[in-house]
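A, B, C, D, E and F are the chain letters, set down in written order, and residue numbers restart from 1 in every chain.
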Amino acid sequence: MDQLPRFTAAAVQASPVYLDAAATVDKAVSLIHEAAGHGAQLVVLPEVFVPGYPYWNWTMNPVQGSPWYERLYRSSIDVPGPQVDTLCAAARRAGVVLVIGVNERGAHSLGVLYNTLLIIGSDGELLGVHRKLVPTWAEKLTWTGGDGSSLRVHRTAIGPLGALACGENTNTLARFALLAQGELVHAASYIALPVGPEDYDMADAIALRTAAHSFEGKVFSVVACSTISPEIVDLIAGEDDQVRKQLGRKHSALSGIFGPDGRPVTEPLIDDEGIVYAEIDLGRCIQPKQMHDIVGHYNRFDVFHLQVDNRPRGPLSFTSAPTSTPHAPTAPREDQ
Amino acid sequence: MDQLPRFTAAAVQASPVYLDAAATVDKAVSLIHEAAGHGAQLVVLPEVFVPGYPYWNWTMNPVQGSPWYERLYRSSIDVPGPQVDTLCAAARRAGVVLVIGVNERGAHSLGVLYNTLLIIGSDGELLGVHRKLVPTWAEKLTWTGGDGSSLRVHRTAIGPLGALACGENTNTLARFALLAQGELVHAASYIALPVGPEDYDMADAIALRTAAHSFEGKVFSVVACSTISPEIVDLIAGEDDQVRKQLGRKHSALSGIFGPDGRPVTEPLIDDEGIVYAEIDLGRCIQPKQMHDIVGHYNRFDVFHLQVDNRPRGPLSFTSAPTSTPHAPTAPREDQ
Amino acid sequence: MDQLPRFTAAAVQASPVYLDAAATVDKAVSLIHEAAGHGAQLVVLPEVFVPGYPYWNWTMNPVQGSPWYERLYRSSIDVPGPQVDTLCAAARRAGVVLVIGVNERGAHSLGVLYNTLLIIGSDGELLGVHRKLVPTWAEKLTWTGGDGSSLRVHRTAIGPLGALACGENTNTLARFALLAQGELVHAASYIALPVGPEDYDMADAIALRTAAHSFEGKVFSVVACSTISPEIVDLIAGEDDQVRKQLGRKHSALSGIFGPDGRPVTEPLIDDEGIVYAEIDLGRCIQPKQMHDIVGHYNRFDVFHLQVDNRPRGPLSFTSAPTSTPHAPTAPREDQ
Amino acid sequence: MDQLPRFTAAAVQASPVYLDAAATVDKAVSLIHEAAGHGAQLVVLPEVFVPGYPYWNWTMNPVQGSPWYERLYRSSIDVPGPQVDTLCAAARRAGVVLVIGVNERGAHSLGVLYNTLLIIGSDGELLGVHRKLVPTWAEKLTWTGGDGSSLRVHRTAIGPLGALACGENTNTLARFALLAQGELVHAASYIALPVGPEDYDMADAIALRTAAHSFEGKVFSVVACSTISPEIVDLIAGEDDQVRKQLGRKHSALSGIFGPDGRPVTEPLIDDEGIVYAEIDLGRCIQPKQMHDIVGHYNRFDVFHLQVDNRPRGPLSFTSAPTSTPHAPTAPREDQ
Amino acid sequence: MDQLPRFTAAAVQASPVYLDAAATVDKAVSLIHEAAGHGAQLVVLPEVFVPGYPYWNWTMNPVQGSPWYERLYRSSIDVPGPQVDTLCAAARRAGVVLVIGVNERGAHSLGVLYNTLLIIGSDGELLGVHRKLVPTWAEKLTWTGGDGSSLRVHRTAIGPLGALACGENTNTLARFALLAQGELVHAASYIALPVGPEDYDMADAIALRTAAHSFEGKVFSVVACSTISPEIVDLIAGEDDQVRKQLGRKHSALSGIFGPDGRPVTEPLIDDEGIVYAEIDLGRCIQPKQMHDIVGHYNRFDVFHLQVDNRPRGPLSFTSAPTSTPHAPTAPREDQ
Amino acid sequence: MDQLPRFTAAAVQASPVYLDAAATVDKAVSLIHEAAGHGAQLVVLPEVFVPGYPYWNWTMNPVQGSPWYERLYRSSIDVPGPQVDTLCAAARRAGVVLVIGVNERGAHSLGVLYNTLLIIGSDGELLGVHRKLVPTWAEKLTWTGGDGSSLRVHRTAIGPLGALACGENTNTLARFALLAQGELVHAASYIALPVGPEDYDMADAIALRTAAHSFEGKVFSVVACSTISPEIVDLIAGEDDQVRKQLGRKHSALSGIFGPDGRPVTEPLIDDEGIVYAEIDLGRCIQPKQMHDIVGHYNRFDVFHLQVDNRPRGPLSFTSAPTSTPHAPTAPREDQ
């Protein structure tokens, strides 16, 4: 118990080098090293940081967005793959636990894209590949949903770590599925959303969900959100002034670190690029559990039974592992 | 759909006539009529309003609290019973849907007390009797937990209504169980808690949970909290200044009404007695569902399967329906 | 066997009275009687005919479409409900088996809309309520997906009848699930889609899928598609000439009747309102089964095992049926 | 053991009223009563007796045979169905155990035909419906194979009874599957096959397989074969003299009763219509088991493990039994 | 992603040197080199090209066809074997991926023939040996069905390649099993079928299935069909004018290349010998996936679970690999 | 395929030089050369020819038979061993494939005797050592059963060859285990059995089983049976006339060669010493497979799964490979 981790966490608010995976990974690596230089042992980067968010789904109609879809598909990454290798190497060199969002190409079917969070250990091991379960509203035009196999809490150097992407932090059951595995540090990656409904304040919506998860679970949350660079505005809005205005809307991004009482540990960063740091002492999660321990004494598992189907779900399954021999004999064979 | 309810809700912040059920019920009836006079169609009263909260659990040790326990037991009410009849009659006369917290004596065993919310229709029908599932921390010294049979959403004149007591609003799964039944109006009853841990701000903790539930579910929440009258202070603290000081701590009670965006509809009331009113238009719950509908398209019920054991749970059960032999145990019944 | 049905089928190509459920149902009733007057015993109407298709998802961005979503939600129908009663009565009076698409409001959660096909017997019984499993591309902005419980073939007066909505006819497995239940008459409801990608010819895409399903299964297919009335153009396009032009694109709707050899029985109708009739003799489905019977001798169910999870899938489940008593006693009970 | 059945068995050699199910069933009923009149308690009738064998598969090419296929399909029977009811009633009235072959229409898919043996108890109960697993050579043009679910031995009034159709009696594993269930009386139904290869002597081939099964298993076998009436010759051969000659070939049908030593109990009947009777004393099966008991001491089940997949195999399976309610609610439901 | 293959595909329409495996392989080699000379990187040859299709099953009755069966058996090839070596060498020398149909003799049982597709890589490796699962109608007189072990998609130089034989392209589940493995190029090998039912137009039936598979899966399909040479007509028909006429029927063969929109990329070739070439750009498969991705976002794998039993299926299995020692000692051994 | 073997087979009917292994082997060698001189390429000799069959088990009680058992044990042979070497040399010199039955002493335990068939290639290699799985009835007094490791079909100069001893030919599963490995020539070795039950006709029982195996599997069978010399009668019967009479019973031995239609190729030899020759053309096995191929298209390996435990089975096994410690048990080996 003396060794309950204390560490510095870094929530990175930044914009990608839009639709350029290699350049964005380079930028990510540089941010990782900057954060590590400030003592960070946990670095959280935004949702689909590599290589950016498909804003066209919100500003164009689907047919207009279609060539953009192909462009995103071609600039997305494979997992595993060289970009992942670069990120793992950076985490290992910097000695940090890393959470970062990427656009992942599905291996089994051309055109499948996932909104994926990579969780990488400080030894450079790829610990988790979480594919967002349900893309949010207009995002459904781009991403395929993941499955329950990635709803995992990872034992890391900085404690038991879980991660959800953006709107998943609204999903009561997804959040609970992580808390129930002993999550103590929750990473939440978001994108700046200036283009949603007018009465939807993205920064407030991020803060509320982060606070609520921390309070309900008595955990620390590290939330990282992307920003929208002038380059993105130029590319998406072109000459369209209304879209330019939309993309420039304030209070659309928030990054920060919240404690188990639901309050921010340090002042969150709103809209601007930057890194928020805070000291996290997991020991602070103990006493509040006396009041509410919703994965312990303060719940009723005789009443509530939540089952998570964590089987990988593919388009078909084989009875046995395919063999590599081209010619499967029909003659007597040896059973497995 | 034109008839999606619009109505005035009233969140009553008040203190009971401490440990006097009849007088407290009279006070409740009077508050109901006051609210109805202001046009309210839904009135929510605090947790265990009849006849008050056992603060001694927080300020005395259990042995000191023991005679107080008996005092509370003797002043609690039976459900059904005359006090319930009075409340039902008041709701019918005022034409309001009513949620009110009571200390309920268990019918099957002497000394059993439940922290119970009564939900009463505007026609005076007793719709629901929800017994708090897990008493919070020091409350465990007084109350027995309920079961899952009361986790119900009720179809009322003001829309589908659910209710949870105090710390239950922290319970991710309990909240979801109501949302999953189509809850659109959530009633949350609390007590003022100045006597908890020093770094625990009760008003903030109420506001956060209410906002989060409203935002996650895209519902309206009406939260009502009790206050601590000088009479209670005198009785509980007596000459003890430290306890007096504790009981006088500020920011310990909050009542109000929150909308589906997680924001208060009108300014909440903090610490003082009073009634908060707000206009509720359930039509406002439609459009936000496009963004997140965690009981619809924005969840994954192939991944998450939540089963609620809603069977009444008694101290024993019979394999088959008992026969009508002379000596039958108390109120046996046959389940479906 | 002598009584293998022979009958006249009618595929109705028409536009709804846009966003007006009652008026559209009236129009549907009148079309049903017209078709019955020409001897039709099976009448198939377009997808989401009541009260129309959300074209804004294709011509606006999601934020612009948001108030339209609410408008559609409010003008959609409940199942069961009065509009369904009217349709059932019309089917009974006309003596026809009826397939018709509607926008159905979900009963359990405000804001849930399903793209639903109603299958109604010639005795007026509501036989099936099939909710489209996956909305297609931009449609994901409006509809929630159904579950497997409605993938049923219905024994009707005109033979075993199955129905799928629009893009579902592309889904190899959904189609097979109907064939495997002995489907002989396949109803496919579509909407006119002039607003999709430029190189996507909707009429051809309808014809190809209909022909392929008929050929693979050796069944008759009756395909009905909606049209776009000037009223819809005015409402959706307003002053926008480009959208006007898009909505006016030719070869975007096709209705007709195809035989078990994959060829149309009569000339399909393209783009215009009207009713296509054809004589169907189910006896023609017998001999082609000698060549390919993919649900019989021409498949390998030792190799391919397809399991359809046909359980209704809700946001939560209860261990036992909720009782209607408000006050569930805690006393002894009988176990199941 | 004293009650080991002794009884008279009847093997009926006859031709159907070709392609007329009702008339053939009438003929079958009359034969059943004739046999019962001679004291028979077990009556075995030929393979696909109702309403006859598709000889065209051997004398025509497949395209020529195609309309004949439809004709057979239309004149085949449903199981259960009225013809089965008639047969069950006859068995009950005559007090005989009955085995009879029929052409069965598959219930789930138009055009599916099975070569089916019905096993009916002396109380008129339909005990078994065995669908021939693999149609023989040219028969593949007509019949779909059954599954392992019908490989059953039935406990009847005349002892444990199994049945296989024609070429199945060549299948070592199918035969063993019956013996392994304690079969003591084996019913084998055949059709006259004058139209096979010239060097294939059908009567000898029937006798050899019947003798071998009886000897290997130490059981009694009752084998019944159809004959070819002039009516069938006229219909199939028409004016074609070569086919006439083929159909008239001798030594193409054999019916009789064989004992556990592999020898016929009475002289078999070759080619002609008639009924062969024999007394069967199951007590004779005991002593030969000392020499070879291939389902007991004379086998090595540590070396040979035969597993029979007896699951009914359909084109798809459902996770739960389909409900009869047309409208499957998405709201909370009760689990099974 | 930049390297998504673009290549020339060749669909070869030709007749074999009938019943002469060596000469047919020589002809195949020469066609491969001709196609490679025109830049082809994928060459698809017809079904059972080596050494031809058993037309007698359609024009003779089974007894007449019996000596032809032996003739085919004796002229068929072993896999692996010298003819396969020749084909592999040709593919390597020409640098093409090759799909070609052969009659394969089963290794384990005299008389077993498979209708087999060989898939050979451009490096000459034998990648796949797919045995047709169910022979079609009259073909059942000749071929034994394969098993699920060969339902594989192969990673080749020209992209992920799957192949099915003739009527298998009608089998919804077989087709899906390939798409589910990421198939982007589908090879379909057919034979000319002038001898089927009169109302069965083989060329149309090939085109429809090819178009439908391409459209459903958003893949390219290369379909190659054999033709009937005068030599075949002479051999099969002899003096029989009716069979001569049948074998000469038009519109019985079609070869070509179809795109992911279901349309032919170049004009298909009907009836005549020749090679159809087309440029394939797999990049064209991306954007259509937004509309329907039946192995991704546009399916429901929570509803549909397809399991493919891909275990090689032989007549028996051994517990352990047979040893080569003639004398298996009875002495102590090590357990697994 | 042109090289499908044609050859002369020889079935030797003879009696041993009773209980004298060396003399019997000499006689065997001489018979082998006689047969080879008549052109035989396959020579099958009787069961336990070396050095004879323990008739005392049928004519004495076990205590009387006990010294005879020791006499047999002492006159039996070791495998490998000098008598085996002699037989192998003879086969090589004569250029014949040889099957011969011997009494084999178990290597691992004094007193263990096996009823063993040796299969020897025409190059003199000892291909198989098959120990009879279950001794028949009275034989259980003498022999220990073998295991499944020897149920092998051997690729020989005269084709795929399997062998079973006497009553094993009654065992449906043992026979199938050989057919399933592609057996085309079946060798069956028997002993003359005049001493069994009175109603058991050994010659008929041999003929029936041989015919049935040939017909079921479409294979050739070569069956060889011993005879009883006057020397044996004298030794076993002594002065006992009843035993003399028993041993002299007719129709107790049969040797011959049967074809794939179940008929003898030449007239079998009954009771007398001699050699039966027949020409075998394995090409005759092809066409009958069209009718029934029970190891191919005419079986259902999805329904029937036969697993043969072919692991050598010793008196004990080790969890891991024994180390090379001084005292290691006889011939331990590590299984795969």
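List of remarks:
Simple rule for what comes next: a residue touches a chain if its C-beta (ideal position, glycine included) is under 8 Å from a C-beta of that chain, and two chains touch if they have at least 3 such contacts.
Chain labels with UniProt names: A, B, C, D, E, F = Aliphatic nitrilase.
Values in this document were obtained by computation on a predicted structure and should not be read as measured data.
Hopping across touching chains, the smallest step count from chain C (Aliphatic nitrilase) to chain E (Aliphatic nitrilase) is 1. With B-C and D-E as the two chain pairs, more C-beta contacts join B-C. Farthest from chain D (Aliphatic nitrilase), judged by the mean position of CA atoms in each chain, is B.
Interface chain E (Aliphatic nitrilase)/chain F (Aliphatic nitrilase): under half of the residue numbers present appear on both copies, so the contact uses mostly different residues. Centroid distances from chain C (Aliphatic nitrilase), each centroid being the mean of CA atoms, peak for F.
Chain C (Aliphatic nitrilase) and chain F (Aliphatic nitrilase), compared by their mean Cα positions, are separated by 70 Å.
For the pair chain D (Aliphatic nitrilase) and chain F (Aliphatic nitrilase), the distance between mean C-alpha positions equals 36 Å. Measuring from the averaged C-alpha position of chain A (Aliphatic nitrilase) to that of chain F (Aliphatic nitrilase) gives a distance of 72 Å. Multi-chain contact residues, meaning those touching two or more other chains, occur in chain C (Aliphatic nitrilase) at positions 62, 66, 106-108, 112, 137, 141, 145, 147-148, 176-177, 179, 196-197, 287, 290, 297, 299, 302, 305-310, 313-322. On the chain A (Aliphatic nitrilase) side of its complex with chain E (Aliphatic nitrilase), the touching residues are 62, 66-67, 69-70, 73-76, 105-112, 140-141, 143-145, 313-320, 322-323, 326-335.
Chain contact summary for the complex, chain E (Aliphatic nitrilase) toward chain A (Aliphatic nitrilase): residues 1-2, 79-80, 106-108, 112, 119, 125-129, 147-150, 152, 176-177, 179-182, 184, 218, 282-283, 285-290, 293, 295-297, 299, 301-302, 305-322. Of all residues in chain F (Aliphatic nitrilase), those touching chain D (Aliphatic nitrilase) in their complex are 133-134, 136-137, 145, 147-148, 151, 167, 170-177, 179, 196-197, 199-200, 204-205, 208-209, 211-212, 215-216, 261-263, 287, 290-292, 294, 297-300, 302-310, 313. The touching residues of chain D (Aliphatic nitrilase), when paired with chain E (Aliphatic nitrilase) in their complex, are 57-63, 66, 137-138, 140-141, 195-198.
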